[in-house]
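When the chains are written out, they are named A, B, C and D in that same order, and each has its own residue count from 1.
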Amino acid sequence: MNPVNYLYLAALLFTIGAAGVLIRRNAIVVFMCVELMLNACNLSLVAFSRMHGNLDGQIIAFFTMVVAAAEVVVGLAIIVSLFRARHTASVDDASLMKL
Amino acid sequence: MSFPLLTATAVLPAAGAILTAAVPAARRTVAKWLALLFSLGTLALAAIVLVRFEPGGDRYQLTESHSWIKDFGVRYELGVDGIGVALIALTALLIPFVIMAGWNDADPLETQSKRWRPTQGFFALILMVEAMVILSFEATDVFLFYIFFEAMLIPMYFLIGGFGDRAHAGTDEAAATQRSYAAVKFLLYNLVGGLIMLAAVIGLYVVAGTFSLSEIAEMRAAGTLEMSTNVERLLFLGFFFAFAVKAPLWPLHTWLPNAMGEATTPVAVLITAVVDKVGTFAMLRFCLQLFPEASKWATPVVLVLALVSIVYGALLAVGQRDIKRLIAYASISHFGFIILGIFAMTSQGQSGATLYMVNHGLSTAALMLVAGFLISRRGSRLIADYGGVQKVAPLLAGTFLIGGLATLSLPGLAPFVSEFLVLVGVFAAYPVVGIVATTGIVLAALYVLVLYQRTMTGPVKAEVSGMPDLKARELAVAVPLIVLLIGLGVYPKPLTDIVNPAITHTMQDVNKQDPKPEVEAAK
Amino acid sequence: MSATSVHTLWTSLAAAPPPGTPGATFDAPTIEYAQLAPILIVVGAAVLGVLAEAFVPRKGRYYVQLFIAVVAIAAAFAAIIGLATSGFATTKAQIVAEGAIAVDGPALFLQGTILLASLVAVFTFAERRLDPVSHGNRVDSFAADAAAVPGSAAEKAAVKAGFATTEVFPLAMFAVAGLLAFPAANDLLTLFIALEVFSLPLYLLCAVARRKRLMSQEAAVKYFLLGAFSSAFLLFGIALLYGYAGSVSYAKIADVVDGTVQQIDPALAGTMGNDALLLIGMAMILMGLLFKVGAVPFHMWTPDVYQGAPTPVTGFMAAATKVAAFGALLRLLYVVLPGLTWDWRPVLWGVAIVTMLGGAIVAITQTDIKRLLAYSSIAHGGFILAGVIAATPDGISSVLFYLLAYSFVTIGAFAVVTLVRDAGGEATHLSKWAGLGRRSPLVAAVFAVFLLAFAGIPLTSGFSGKFAVFKAAAEGGAGVLVVVGVLSSAIAAFFYIRVIVLMFFSEPKADGPTVAVPSVLTMAAIGVGVAVTLVLGVAPQYFLDLAGQAGTFVR
Amino acid sequence: MENLIALLVAAPLLGAAVLLCGGRRLDRAGHWLGTLLAAASFGIGAVLFFDMVGKDAGDRALHQKLFSWVPVADFQADIAFQLDQLSMTFVLLITGVGTLIHVYSIGYMEHDERRRRFFGYLNLFLAAMLLLVVADNYLLLYFGWEGVGLASYLLIGFWQHKPSAATAAKKAFLVNRVGDIGLSIAIMLMFTTFGTFAFGPVLGAAEGASEGKLTAIGLMLLLAACGKSAQVPLQSWLGDAMEGPTPVSALIHAATMVTAGVYLIVRSGAIFNAAPDAQLVVTVVGAVTLLFGAIVGCAKDDIKKALAGSTMSQIGYMILAAGLGPIGYAFAIMHLVTHGFFKAGLFLGAGSVMHGMNDEVDMRKYGGLRKYMPVTFVTFGLGYLAIIGFPGLSGFFSKDKIIEAAFAAGGAQGWILGAATLLGAGLTAFYMTRVMLMTFFGEERWRNKATASPAEPDVEPAAQTHGSHSEPHPHESPKSMTIPMIVLAFGSVFAGGFFAIGDRFANWLAPVTRFEHPHPPISVPVITGATIVVLLLGVAAAYLQYGRKPVPVVAPRGSLLTRAARRDLLQDDFNHVVLVRGGEHLTRSLVYLDHSVVDGVVNGTAASVGGLSGRLRKLQNGYARSYAVSMFGGTAILIAATLLMRAV
């Protein structure tokens, strides 16, 4: 099966994720969409790695997972503190600062 | 390496500024005397410069040259030609009078906190302006000039916005807002001009690879300076715009009336008599010298604008109700004459313009400062609030009249010489322009005499009836200026002797000759 | 390369490989610890800080952490100096750690700048004199207990107990480590990791303000989400570029882009043909970097985050992040994509123009000093971009110089902002600044100096930097940019002046803010800021030389 | 000897300086000092004169160069003097009459607390006037020219508390400025044509220049002369100038300053000789003015204004003569000198009358004064006879010569000019007789006629400030005032004859101005006869109207012409409507323009930038998601742009 298809899939996932970031209100969901985008990147990296037959892509994928994990830690910490302060996780409610 | 006289001339007032600013709040009088002392010291140094300068000698004398910012091709290059010397002398001469005239203008009000030290700041800023103005007259490196040309704005800005005229109509708040409006307007106009010039300065560097006037002159002489016509014109416009704002030339003039109206009178004098001269000076030194062809290319437009300034400024002066604004518009008219003379590109025109810078400085200082004394007495700037002053304060009226007569350039007073030279110079090259400009002398008479008539003559108004005549300090300001006006009006030769050689150089820069007379008169 | 061959790759690794086949002998990577010293020191300090958090009793933590941070930064800076003097900036510039990190002029110069900025920033972090003493213990500008809900009993208890979020120091150290690595990163992976390493701590730092905690948390959330969003783009760009070139190493990619690559295997040949990969990848990576730089239209996080974050953090971010991000951008454009100059130049032209104008114009109507400075930083980003676009050695050095000048002005300015306070903490609304010049002339004068530097008035560092950048741009043939830059600086001048007017020419309000007298720390920060501002304004030659020598990338 | 020239100017200048800067402590002796220095100047003039007479006609001119004034490249102006016969004549006239009027003023200004300053101004005037006539180049002449303007400004407005006086002073200065445009342009033209503007070289090389240039120069000089000498169209200031103290009117606005224009034209004779068109215009202006002035003089009830009109008209004669070229120059100057005597005398007489009548100037409130102030009556009468040209007196000789010369101009021009001069002579006789009768003869209208002053607008200010409603007690003036009047009367009687016999005066001036005998188409006796006839007609007409019937105290409405003449032939109304009103509108609209347009554009730009800022600001709506949108869109654009760049 042609690895290029994986790229198409990756692109699709990435776009879905991006769209999710743009349209969803809940911070957690938005964050998940970002994760989705990252995973799309991973997929494309692996696919490219396969095409080029070297391992760099796959290595990066591993790094990405670690980074994602770290992001989850930081992100959840922030989002949760926000939620506890305001009893809502909607990003739209967090708009004290504007103009 | 001889003693760096030019640097000293600028450093002294700067040092004075710092010391003055450092004087503690309670010691206000000390600060005043300190400032006066340093300004007089600067005057002494300027006098030495005047003496050491040899009219016949090299174009730039007393030169100093040190490497400064290699990467920008900037050198710390100072040097003076006749024009510079004359204007440095003018600056150094006027500042002491400005300080004396503003002796009590910046005393803190009772309401203000004790830590607030306006007086110290006021005089320190004045000295700082003096230092920067002098440096910009001395700089023979374009970048160096630009730096002081721009940096000058900041102290000026604080002088205008920080120390308003106590004699204002309306509430303090209203006055404060007007004042800061004037200050901001001043700064933005000049800053925009300066920034556009900055683009041109950078362009010049890209083209020439140096900022040193002398090097550029050599390159031009050697023909190694390739500057396409369009580039030269663009750069010229960039420079000229900045100078035209500073000068100020119609239609970029509207900041001046606000600034002069709202600022204290000494500061108003500082603006129009000293700082604005940098603009016209720079046209003469930089525009003509760096971009001769473009200057000639632009001449028609510039002449027309200058004409408009002359007539327009004079007419608006007639229409003013505020004494200081009236004088401001008069200055606009006079700057029109100066620019006219510069771009006439004849010896008479350009020497006339240079003399005009000096003489206008003196005459405006005399008129404006005396007007300031008048205003401070009555507490109003409106012409309509005065009348019959001549009856109660004849000295004040007399000095005011002489200042006015100088402003309308009456023969026997210095401005006449320069104005007539400018007119002759312009007429020789562009007769029609010269004739139109001549109408300026009638309008000048109109606004001066109307001002005098409405304020000084007629029945004595109740408000002015108790007005005291000039005090000793005020006479010490007015009389020397008047003596100078008369002296330079009857015997301007020393000045022309200094200026003429420099003008010859400028004429060579733009390689122009004076038009020859039709008939060679039987001598 | 076909699927089977990949399979064999795996298997061959699993089985005992015949000698000579690739990967047969696993040779340990060579790590040049000396050259990496600056980064390593800082990382070590960060780890040490974490341990300190764990083991040092609460009373002592503040001092220990401060000590560790300062010493570490100083040591790292010393290491930088050492490297630079021993010629790594110029002749011995090299790529270390298996091609992951470049040690060359720009890297060292920027790392030095970052370290100095961080040092000053750490001083402001450690300031404990500004807020009134609560329950007998001094407090800094960070929440007593970031986890506690604002206004909750827990928070009060924490305050009463005199807790302090001393974690900010190790966090800052981690961030610094990332920032140091960012401009030195020599392959896309390192670039990405470094980005995350300095981003994540910053997200947290934004969230831990003592006053106005809701805004602080909001800033953190926005910064975090948008930052993650942008890094996803960056990563996807990396993936595409990797896909195009079959490698993430700058050198290799550059070769492929230039077409000077040896042994082209068929797969590479296939992807190389596909410029879309290259261009889209490039665009996305640029986006990631421009986000960090705060360039229009990726700037929108800047004002909110700058406003919400604790002011010392804001200063740190504004200065250090910009430096690092521009460093990375420079390296990317000059090392990886010089072959594509004609593709990225027009695009960046557009970005630079909208950034300069947008930042300046929107700033005019701002009413909050921190937001104002945020927009001004956006505009300045535009100016720096103009220098980046020049694509000449002069361009590089001018940008380096500008960054040096700018970072100190910024930190100084924000440090001053921390001083002006009223009951609700910092009084950042402009109306509160009215008449400051009357109430405390010195502070107002200092701030005025910084504003004038921002405005680029001669004899301040701002002017030297602006001139250098515009000069480079003009020489690089970007005259239009210069003109636009000049115009936008004119617009920008307006609002800087507005603040000065407010401070000096308007009467002080009765309920106006008080100016706190800071400890030596903040004084030092501000003093350094002023000193650098004036020195770089009056006698910039030495630093210009430095930047000039540092102006070449190793490849 | 020539070094005395500078002294000539220096003496009164010193006086002016001392008196104006000296301060109150000089109040007691100031007037004596001023008079003394004026007299000293006259003495120096006399010395120089006898020295000059001693030399032979060819080389009488003296030259003195003090120092170089404005040297710039080819433009070389010196402070240098030239004293030739023409200048000499003026020097004697100025210093002589000047000294007399100084003496007169001692008495006239006795009760004015600012007398010291008055004498300072008078000395200033003398200095400037002398500088004007002894200058050896046009720029220095311009210096003196404006100097006298200044002095006249200060003296007209001497009673500054009177708004009318202040206004009149301002008007005089402004109108003169208009003339000065002419002078300065003329100097510029000379510079561009001859490369210099010193008398010698310019006049020497005049023929060399193109006629066009010369005509232009000539007309510009004429414009200047019109301003200074109150010739149409710039005459309007002279009438108002009578607001000044009477000695001023006598010295400046009758005898000396107003004749400077004639001096200028005669001095520049060489230029006019080579520019006939210019000469024609000069004669026309002269003719028009002499009639204009005469008509105005006939209608005025203010004695000083009547005399002012007459001055205007007499100077018209001079200008006309000067326009006739070599046949006229000498006579112009001669009439100028004699006019200096009798007109000064008349003004002093008028002043003396006012002095006795509580400064009343309305002749309709005089009458029958001859027995109250006999000396004034006699001197005034002699002046009267002289001015109307009564055979044997000064005016007769000088004016008659001009009439002859006018006829001699030749062709139609000659006839027209001649007719004009004749008519002028008649009118002169009429209005002077009118003044004479209304003042010294008829019933004593000032007795218990202290009603409100008539509807004569010109006298109202005077009436307000001076006109006391108590009955005046006419009395003769003190010696200090009468003696100068007597001396001047002598001059007005004998000077003319002395000059005219054997063309003495003409020959004296000949080396400077050239002199050719006029050859009128009709014989001289006929012309003389005609003149006398016209004269008698004028006198008779006046007698019928003012001698036979009583003069109404309130001026009758009078004919259209009379009413127009009272208002200076509506010329002021024209000025007011066109210049003053128009100017006000112009300036007002310009002020508006400056504020709303020139300034408005800038403020507008600022405002629009601000507005844009306000709108862009709205994009920053605080929603993280919309920020994300902008980032996403930005990326899309970035990608699109890159691809596009590659595509194109």
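Please note the rule applied: a residue touches a chain if its C-beta (ideal position, glycine included) is under 8 Å from a C-beta of that chain, and two chains touch if they have at least 3 such contacts.
No experiment lies behind these values; they were computed from the predicted model shown.
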Quiz item: Which contact partners do chain C and chain D have in common?
Solution: A, B
Practice problem: Would you mind telling me which chain pair, A-C or B-C, is linked by more contacting C-beta pairs? | Solution: A-C
Self-check item: Most centrally placed chain - per-chain CA mean versus overall CA mean
Solution: B
Quiz prompt | Chain whose mean Cα position lies farthest from chain A | solution = D
Quiz prompt | Centroid spacing, where centroids are CA-atom means, of chain A and chain C in whole angstrom | solution = 23
Self-check item: Approximate Å spacing (C-alpha centroids) for the pair chain A, chain B
Solution: 65
Quiz item: Hey, how far is the Cα centre of chain B from the one of chain C, in Å?
Solution: 46
Exercise. List the centre-to-centre spacing of chain A and chain D in whole Å, with centres computed as mean CA coordinates.
Key: 97
Quiz item: Residues of chain B touching 2+ other chains?
Solution: 188
Quiz item: Which positions in chain A touch two or more other chains at once?
Solution: 18, 21, 30, 91, 94-98
Quiz item: In chain C, what residues contact two or more other chains?
Solution: 221-222, 225, 229, 233, 303-304, 494
Self-check item: Each pair of chains that touches, named by its two labels
Solution: A-C, A-D, B-C, B-D, C-D
Self-check item: chain C residues touching chain D - in the complex, by the definition given at the top
Solution: 221-222, 225-226, 229-230, 233, 275-276, 279-280, 282-284, 286-287, 291, 296-298, 300-301, 303-304, 342-344, 346-347, 350-351, 358, 361-366, 491, 494
Quiz item: Where on chain D is chain C touching in the complex?
Solution: 606, 609-610, 612-614, 616-617, 619-620, 622, 624, 626-628, 630-631, 633-635, 637-639, 641-643, 645-646
Self-check item: Residues of chain C defined as touching chain A within the complex
Solution: 1, 3, 5-6, 9, 146-147, 149-150, 188-189, 192-193, 196, 200, 203-204, 207, 213-215, 217-222, 224-225, 228-229, 232-233, 235-236, 238-240, 242-243, 246-248, 265, 267-268, 270-271, 303-304, 307-308, 371
Quiz item: For chain A, which residues are in contact with chain C within the complex?
Solution: 7, 10, 14, 17-18, 21, 27, 30-31, 34, 37-38, 40-41, 44-45, 47-54, 56-57, 59-60, 63-64, 67, 70-71, 74-75, 77-79, 81-82, 84-86, 91, 94-98
Quiz item: Can you list the residues on chain C that touch chain B in the complex?
Solution: 438-439, 441, 452, 457-459, 463-464, 467-468, 470-471, 474-475, 479, 482-483, 486-487, 489-490, 493-494, 497-498, 501, 504-507, 539-541, 544-545, 548
